[in-house]
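Letters A, B, C, D, E and F mark the chains in the order given here, with residues in each chain numbered from 1 onward.
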């Protein structure tokens, strides 16, 4: 089974990214495929310079999901409008267009949206 | 990979949040990629279909015009009538759309593979 | 002029307007901006509450540019544009949002 | 299992739960997570509506980890943890948030 | 620059949004800088004072503990009682705070120079 | 008169930054002082790499306010948690601590908060 997520909010501001992380981790542990498209502020969850002393590191948690097999892509246009560049994001992830989002939707058996 | 049908559910008013505008950008992309797309405006999302929008003084683009083009992309546009009525608006206040009840919205949900919410 | 209560989020989607309505006193202003300009259409509970407040001397305003963006309108005497909004902030002792 | 209606925002601050309550049908589940777990305490209109839905065969669930974070609790049979949430998503045809 | 009195008004529940946590960080900073600070929990903000919070499974810090220390920083902590009651919670469910009515909240607002809202 | 703003939301996602811009511009035109503290996602309004073809450029609008005399500072801790560095922000602005926010509050005759 393939599970997809649309995540529209950024790190630390909203609990959405935590919810998505806790779900995705469990789906991956079950051997399922995970696809995640980060839209609007969601792209900031990939910022590799995130430093979070004494707190969970959300970019690190995204990186953990990638290592465990999740495919995570950020919306390139959203990133451009927010001043985030390809060089600023964690390894194993990319900025991409709606065509990738569209492919994820085709691949997924279940799809969840997290917004405002 | 079989073709999928999706519903884009827009639940926020235009301009206060970028939601309705960003939702439009996503749905145009999906429709262009050959995904069969229903667009439903519900809750404050019905304001997207409200005629007479003039956001120029805010330096923003008119979403009324954007959503009016949806048919050109093969996407169907629906307005959840109870949401519209609750907000004191009439069908005549809206651009050309199809108005739907709870029952019809539920049927549309059952027709699609995924519901993508912009709230 | 006393306090300015500023409501920014939709009065249909959020209940944030209720605190402003509870606290506003004669001499205060409740001003609706951004998506909160939907308040011109309700909900009904809000319309009733605003009517009460206005009868006691609370002033109610809507930001013109935000109304226009959404294709909405309000009675002329309750509409202020950004220049009027600036003056309202100047004249208010505190702004509570 | 049919559709899963997912509510994430506070039922006291937002009206987003109302659409889920309008659309859910027997066989569907309404699941409250994040700040929406406040739904265990209301508002009253929501409690009434959920009671009606449950009597027709709609299932109502609260996420354990989110309840615990906020010091809240719900009847045991209505509480699921993340593992149960994962199963609920698997079993549901569509997720509507 | 004369000394100012401020009210920090926290209107969001903990954990769903960072608001109550980030508000705490700001208010501790202000109180440490010698700004006389009233902290008022209203609307969903009252949940901050709710006893028995256990956010460890979410990987988050307990705000109940953070706000309990406020007196040490010279800030006074108030809970808007009508907001608490509306949410089905009792005074006994809360950490040590002062409970206030609409009238008292209004008085507190009139005592301060600025109201800083975390919503 | 000195007018202060606390802005907690980022660019393009919420109208808050627009509202603050339109107000601040008018206060500056009247010869008033403007102070702005950007907190949480608000720090992203300073991202100098923002590119917004066919749309208003919010970082450019912040820069315009700075040129007209506004003092704008972003919360350093918020920026750190979000992967935004001093080198990433527009000229004439800085990342700073709560001490700056505290001074702004002391200087201001009116203060407005914009959040979620």
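Observations, loosely collected:
Throughout what follows, a contact is a pair of C-beta atoms (placed from the backbone, for glycine too) under 8 Å apart; a residue touches a chain by one contact, two chains touch by 3 or more.
The shown structure was predicted, so the numbers you read here are calculated from the model rather than taken from an experiment.
The chains in contact with subunit A and with subunit E alike are D, F.
Among the remaining chains, those touching subunit B and also subunit C are D, F. Among the remaining chains, D is positioned farthest from subunit F, on the basis of C-alpha centroids. Judged by shared residue numbers over all numbers used at their interface, subunit C and subunit D contact each other through mostly the same positions, with over half in common. Greatest centre-to-centre distance from subunit A is found for C, with centres as Cα means. Centroids of subunit C and subunit D (each the mean of its C-alpha atoms) stand 33 Å apart. The geometric centre of subunit A is 24 Å away from that of subunit D, both derived from CA atoms. Between subunit A and subunit F, the centres computed from C-alpha atoms are 27 Å apart.
Residue positions of subunit B touching 2 or more other chains, listed in rising order: 12, 15-18, 43, 58, 60, 113-115, 117, 119. Touching of two or more other chains is recorded for residues 8, 12-13, 15-16, 34-35, 65, 94-95, 97 of subunit D.
Each of residues 12-13, 15, 22, 40, 55, 111, 113, 115 in subunit F touches at least two other chains. Pairs of chains that satisfy the touch definition comprise A-B, A-D, A-E, A-F, B-C, B-D, B-F, C-D, C-E, C-F, D-E, E-F. Note for the complex: subunit B touches subunit C at residues 12-17, 43-44, 47, 50-55, 57-58, 60, 64, 86-89, 93. For subunit D in complex with subunit B, the touching residues are 3, 15-16, 19, 22-23, 25, 94-97. By the touch criterion given at the top, residues 1, 3, 15-16, 19, 22-23, 26-27, 30, 110-115 of subunit F touch subunit C in their complex. Residues 12-16 of subunit D are the ones touching subunit C in the complex. The touching residues of subunit A, counted against subunit E in their complex, run 12-15, 18, 22, 55-56.
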